[in-house]
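Chains here go by letter, A, B, C, D and E, matching the order in which they are written, and residues are numbered from 1 within each.
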Amino acid sequence: EGLSGELRIFSDMSNPAPRAVMEGMVERFGAMHPDLDIELTVIDREAYKTQIRNFLTADAPDVANWYAANRMGPYVNAGLFEDVSDLWAEPDFANLASTKGAMTIDGKQWGVPYTYYQWGIYYRQDIFEELGLTVPTTFDEELANCEKIVASGRACYTIGSKFLWTAGGWFDYMNMRTNGYDFHMALARGEVEWTDDRVRATFANWRKLIDMGGFIEDHQTYSWQEALPFMINGEATAYLMGNFSVPHFRDGGLSDDQLGFYQFPAITEGVAMAEDAPTDTFHIPSNAKNKEAAREFLRFVVSAENQTMINAGDALGQLPVNAASSVDDDKFLEAGFAMLSNDSPGGVAQFFDRDFSAEMASAGMEGLQEFMVYPDNLDDILERLEAVRQDIAQ
Amino acid sequence: MFPTPLERTSRTWQIGYQSLLPVAVIAWLLPLLAVAMFSIKPSSDFTGGDYWSWPSRFAGFENYGRVFMDSPMPRYILNSFMITIPTVIGAVALSCMTGFALGIYKFRLNLFVFFLFIAGNFVPFQILMIPVRDLTINAGLYNTKLGLVLFHIAFQTGFCTLFMRNFIRALPFELIEAARVEGITEFQIFWHIVLPLMKPAIAALSVLVFTFIWNDYFWAVVLTQGPQAQPVTAGITSFNAQFGVAYHMLSAGSIVAALPPVLMFFLMQRHFIAGLTLGAVK
Amino acid sequence: MADTSANARHYGWFHRNRQTVTPWLFLLPGILFFSTYVVYPIIESISLSFYKWDGLGEATYVGTENYEKLVNDRAFTVSLINNVKWLLLYLLAIPAGLFIALFLNQTVRGIRIYKSLFFFPFVISQVVVGLVFTWFYDPKFGLLNGILGAVGLGQINVLGDPALATYGIIAAGLWPQTAYCMILYLTGLNAVDPEQIEAARLDGAKGRRMLWYIIVPQLKPATFIAFVVTIIGALRSFDLISIMTNGGPFGSTRVLSFYMFEKALSEYGFRMGYGAAIAVVLFVIMLFFIAYFLWSMYQDEKGR
Amino acid sequence: MTGVTLNNVTKKYGDIQVIHGIDLEIEDGEFCVFVGPSGCGKSTLLRMVAGLEETTKGQINIGKRDVTRMDPAERGVSMVFQTYALYPHMTVKENMGFGLKMNGHPKAEIEAKVAEASRILKLDDYLKRKPAALSGGQRQRVSIGRAIVRGPEVFLFDEPLSNLDAELRVEMRVEIARLHKEIGATMIYVTHDQVEAMTLADKIVVLRAGRIEQVGAPLDLYRDPDNKFVAGFIGSPSMNFLTGIVDKGAVRIDALERTIDVDIALPADGTTVSVGIRPEQCTLTRQGRLTVDLSEALGGVSYTHIVVPSGEKIIVEERGIDRMREGDAVTLGFDAGDVMLFDAASGTRLR
Amino acid sequence: MTGVTLNNVTKKYGDIQVIHGIDLEIEDGEFCVFVGPSGCGKSTLLRMVAGLEETTKGQINIGKRDVTRMDPAERGVSMVFQTYALYPHMTVKENMGFGLKMNGHPKAEIEAKVAEASRILKLDDYLKRKPAALSGGQRQRVSIGRAIVRGPEVFLFDEPLSNLDAELRVEMRVEIARLHKEIGATMIYVTHDQVEAMTLADKIVVLRAGRIEQVGAPLDLYRDPDNKFVAGFIGSPSMNFLTGIVDKGAVRIDALERTIDVDIALPADGTTVSVGIRPEQCTLTRQGRLTVDLSEALGGVSYTHIVVPSGEKIIVEERGIDRMREGDAVTLGFDAGDVMLFDAASGTRLR
């Protein structure tokens, strides 16, 4: 049976590559359903985060992008996302088992994932070679490397923390490596005090990098894109980032010979490695008008064939959520796929601002940014965050 | 005239002044000139880390060309016009009426209503934000140009009323009395006598409101999203996201976004300045 | 004669009361719009500030809890302090505008163009001004550091330093605001009675003393307006902060208006009631200035 | 055409009463001038007749119609304002025809009436101009033309000439007089210019503080004022006043050491009265106890100022060839028959 | 105290010359009045003396000092402006003391001088007020006070009374005359008011188009004008002019059908001359070929307008009891000795 009517899709895939992917998907879906009138609205990724609340209540599209896990909580609780457990009950969805947890709240599923991606350290292979460095696997090696890099007049890491979340990535890794996945998630749920000694240990480790001049200066004035040129120009050698950054590196002129990837090294011995792998999702707003077409679109998005196509290296360059799809022949994708499948025994986290509640995330990331600039303020920062945690807990 | 007119001062100071003027202007507009220069540099200048040297070649056409061809900028600019022009018309029309009522008639609540409008004009608009957003959403006008236009008209009415009322106040009241003696109805007085006399005020106010609305960012962010309704001020942020660190493109985009009010200012300079002073000073 | 018939002519109610009714007819649409979009929202905001509401579900009444929390909210304190900084420093636009106006108040060839160029920043959107200044301050390639470097001074990262960022943004805001004040003063200077200047010249007042004793007092209306618009501009500052630092680094450049937006509508903000409470505080501050303005308007009106 | 009758007309602004029960009859075709010091209520009264101010109490009739509560437009009056009140965006022709047009008169009729008015006022050359392109006098003519076009029963003028310069004022004054003669309508005219009042009026109404002091033909007011206020107000330079004391059926003027006999019934001996004598009826002779304070020579006439011992100032109009100079010792003379006496307290004329 | 001497003083605005080489001597303590039609350069000349306008050529001396290039403040002059030019933000006292304060005089001295000026001008009650709270006359007094306080050698007045109403104007005029007597300083006074010029001046300077037409005492100008312009300008109402033709050693006035003998050297027979006669020197007798066009009765005097057959308008001042009325047939008479003759082309007086 042919779908008809209008299908309105709001997407936050506003960077050039994802935008092309999204438009491609709409085109192919449209070709499959010629009677369906699809209207795609792409909204700036940052702006989207504030606007979703408006359009979900006011001007709901039929399909909308969002993020998994805690981040979708408020909308689920407010009844703004459609329960799509029925889709997940379909046989084809069995292949999505790995992400089912992230899509589940109260035992029901509220959307479908379309991509996820590994986080890790992207680095300048050529500079490592030039300095005679090897890929570190422990924090001590990392520190040693960094010392040499700093000595060469470079920074070890570039980062642009103006919009705060990049600092969240650093904290995720420092904390998961220092205290482990379970502790990290407990902290995220607000079950642990921020002033806890274990949290302090995390910051102490992080501080080592800061104190030695590991990060570029003035990162608080840059967005993550604005921090890219530091690495591209060789003023910094590495970037803790999600895999979506690869096209940017390539656009900036780095060849695959120059750009490498490694897993964030271990810190505390015996702590199982856990990774950040944020899952990006599609949802059907409760107020959608054409839910039938929307469900069909969701099925289309997660289909193995589509997953292969959109996550390919020349497209999103990320990992498919469907086990039946194939990972593109791309060194970063393969590395990521391998890392997440095999080397992440501790668990997979979504990301700081998706695992922590919105309020905690906002206050938290601000504190993290401050810490990166003024590590001496740590006590003050932690007390503040603790106050927020207690406030939320009430 | 103060300070002493130049022709009365010493020869050295005259020459000093004449040569100081252009220097002062350049210093004053330095940030802007820098952006203008960025906008005609080719991208290769930036990747080379060469921000401040003279453009290695003139890349104005391709940069500006891309702004218009490769980005939603034209759409945003169109939106800006489609928001700004109806707002100007609406706000000016409404305030002609309110200004007439408050400027011509004596009634007990006159000053109260007038002060209400003024007070509203000075309210920090953040206090309106949440309810106005809800109102717009409930009316189904969220993310429409109409929603933005309606709000702008309402909010500008405060300022415009202040402006128009003071202008009408300054008209000779005998004109109205003469008309009344001649048996001309109140509506005819408004339409045939007051309105034609308000032309300069209407022109000045239109120019003023045009720039206010064109440059609005806050409400654009609160009440709209995406290229189908957002004006260029808000659009420029997504433009930034699109072009990331391509400073030549961002500069070109900023210049394009700033151009209409600047043109407006140059074309309507006299009205504009009249508006600023007329509106504020009685 | 026909006189009696004229008396007997019967006019409708509207005709008899048109002087009373007409103004209200003319006011109706304006008042309608204005109450819907301005008056009602103010009341609504004030009432909302006593609720806890995430903007999605049901609102719960919490009394003055939001206000109590404000007292202990460091971010709020920072915003308040920043607002004070804005208020005070923004006023610099007034003397600066006067200075430029005096500089430009000549009748040489092309002075109109110069005046326009000086006025330029005011017409440009604050968004663009914000971008322009962000680049101006950019620690890597910004013009500011270029100039500082050229004269042998060290590099500074204005927007990245919490101690400097607010001042950096205010400076950016002063740029258009000074232009605005300049125009007000230019027209003000135009209106200064030339005979008074001549009288003062005969009285032996010159230069700075002429300025202080004769010119500045006569520019009082212009100063008043400049004061009002500058205060309003300072309290409404949002665009620049949003564009230049987004409140950062770590919240050090927030002001009340930005903070409330952040709390209520931003990515992580879901606290409408709390945001409304911040807005109410801002409103109360502004109320002093509104009252002052209305009071002086009232004095004027009475004097007529 | 019809006259105007005011019947106990009263005006209050809030609690302040500015017009105190005025009764006045203006005949059909009469030219009536209101004069009085500033703030006495001339404009207010005129505007009440026009209907621009509400009448608090009393009744205004135009002809037989009670117009007290009528709209200005229905009263059949036209008004000419001091500031002309021309519509600046309309041409002279449009200005004149606007009232008729708005009231739906046919085009041809408007044309005809405007042409007629323009002929009377010699405005034919200016019909296409806007008011801004006219001189003050021409503007005032247009504004009169606008009044004429409507063919009102009563014309109202509120200081129509006071924005004109001296020369034009004389010219327009003559023109208004001629106009009145030509169309013969009832006219009410407010002014504070002596000369206008004297030369234009059939009847002058002297107002003070919202009350009528005297009504009469110009020369009657000049020659036979009812009270000291009118005597001092009409005539330029003003009448001189000296203090006199009734003494044995005559009036003793201590300042001049002179006693004058008058043939009117005087009050009791010892009563203080005010003795009025016009400057043009005084004469000066050389030698005497008075000293000339100042002499202002205007050519044909000089005004000589004298301060009498009691402190009162006297102005004497001199016309002869031999005129007094500052510091001259003089004697002030006048004909006892020219003197007017007023009650010192109330100012009422004694006769 | 010192006089003012102008020596070939010239003023150009760009290429336009508005003052054409004026030579003038004003004695110490003299009251000199500049009169002339609007735009003739009175204000410009005064402002050049004040130093507010630069002098293009020539020299201005105050006393023995050449002040041509001096700063206004150094010339020892004070100026009173038509618009008063009071500082609106200062009290009356501050206004008056401002000049001294600027020149660093001690406080006590300022107090004393302000008190003295305020006494002279009776301003004691208003010292604490701002100008806005004063009437026009009071403001002008303050502005004169401000001039006095500085104790200048020369006072300059630019139409100081023309913003006041008629009554106040008379009052202030007298006050200025008295002031001149009291402080005896040199004063230069610009006006276009006849009466002011005639009554105040020791010396009147009649200007036309940037040139001096005649200088002299007021009555000298009235009685013995050098040319038609001065004759017409001085005296109110203006002198009447009729066209005459020289005919056998006498002047034939066709309009009146009268030939008058004059005892001056006349130009050749047939030459056209202008015959001037003042209104107050004309008489009217009943019956005759002329018709009264309009008569304006002002009480003591009437102005009777007559249009003679040649189209010229004549105004006659009548004072008797029997006055002409509109439409009366009259004969115009005057004494041949009162007539002044002017060259028809150049306007020069023939004598």
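Everything below uses one rule, namely that a residue touches a chain if its C-beta (ideal position, glycine included) is under 8 Å from a C-beta of that chain, and two chains touch if they have at least 3 such contacts.
For reference, the UniProt names are B = sn-glycerol-3-phosphate transport system permease protein UgpE; C = Sugar ABC transporter permease; D, E = Sn-glycerol-3-phosphate ABC transporter ATP-binding protein UgpC.
The model shown is predicted, which means the values in this text are computed figures rather than measured ones.
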{"item": "Other chains in touch with both chain A and chain C", "value": "B"}
{"item": "C-alpha-based rotation, chain D on chain E, 0 to 180 degrees, nearest 5", "value": "175"}
{"item": "Highest-count interface - the chain pair sharing the most C-beta contacts", "value": "B-C"}
{"item": "Approximate Å spacing (C-alpha centroids) for the pair chain D, chain E", "value": "28"}
{"item": "Centroid spacing, where centroids are CA-atom means, of chain A and chain D in whole angstrom", "value": "93"}
{"item": "Computed distance of Cα centres, chain D from chain B, in Å", "value": "55"}
{"item": "Shared-contact residues (touching 2 or more other chains) in chain C", "value": "55, 214, 265"}
{"item": "Where chain E touches two or more other chains at once, by residue number", "value": "none"}
{"item": "Touching two or more other chains - residue numbers and ranges from chain B", "value": "49, 133, 185, 221, 234, 237"}
{"item": "Residue numbers on chain C that touch chain B, as the complex places them", "value": "18-20, 22-27, 29-31, 33-34, 36-42, 44-45, 48, 55, 102-103, 105-108, 111-112, 114, 116-121, 123-128, 131-133, 135-136, 141, 143, 146, 175, 180, 183-184, 187-189, 192, 194, 197, 207, 210-211, 214-215, 221-222, 225, 228-229, 232, 235-236, 238-239, 242-243, 256-257, 260-261, 264-265, 272, 275-276, 278-280, 282-283, 286, 289-290, 293-294, 297-298, 300-301"}
{"item": "Footprint of chain B on chain D - complex, ascending", "value": "47, 50-52, 71-74, 77-79, 81-85, 87-89, 98-99, 102-103, 146, 150"}
{"item": "Complex contacts: residues of chain C adjacent to chain A", "value": "54-57, 69, 74, 137-140, 157, 159-160, 162, 245-246, 248-251, 262, 265-271"}
{"item": "Chain D-touching residues of chain B, taken from the complex the two chains share", "value": "172, 174-175, 177-185, 188, 192-193, 196-197"}
{"item": "Touching residues (chain side chain C, partner chain E) in the complex", "value": "193, 195-196, 198-206, 209, 213-214, 217-218, 220"}
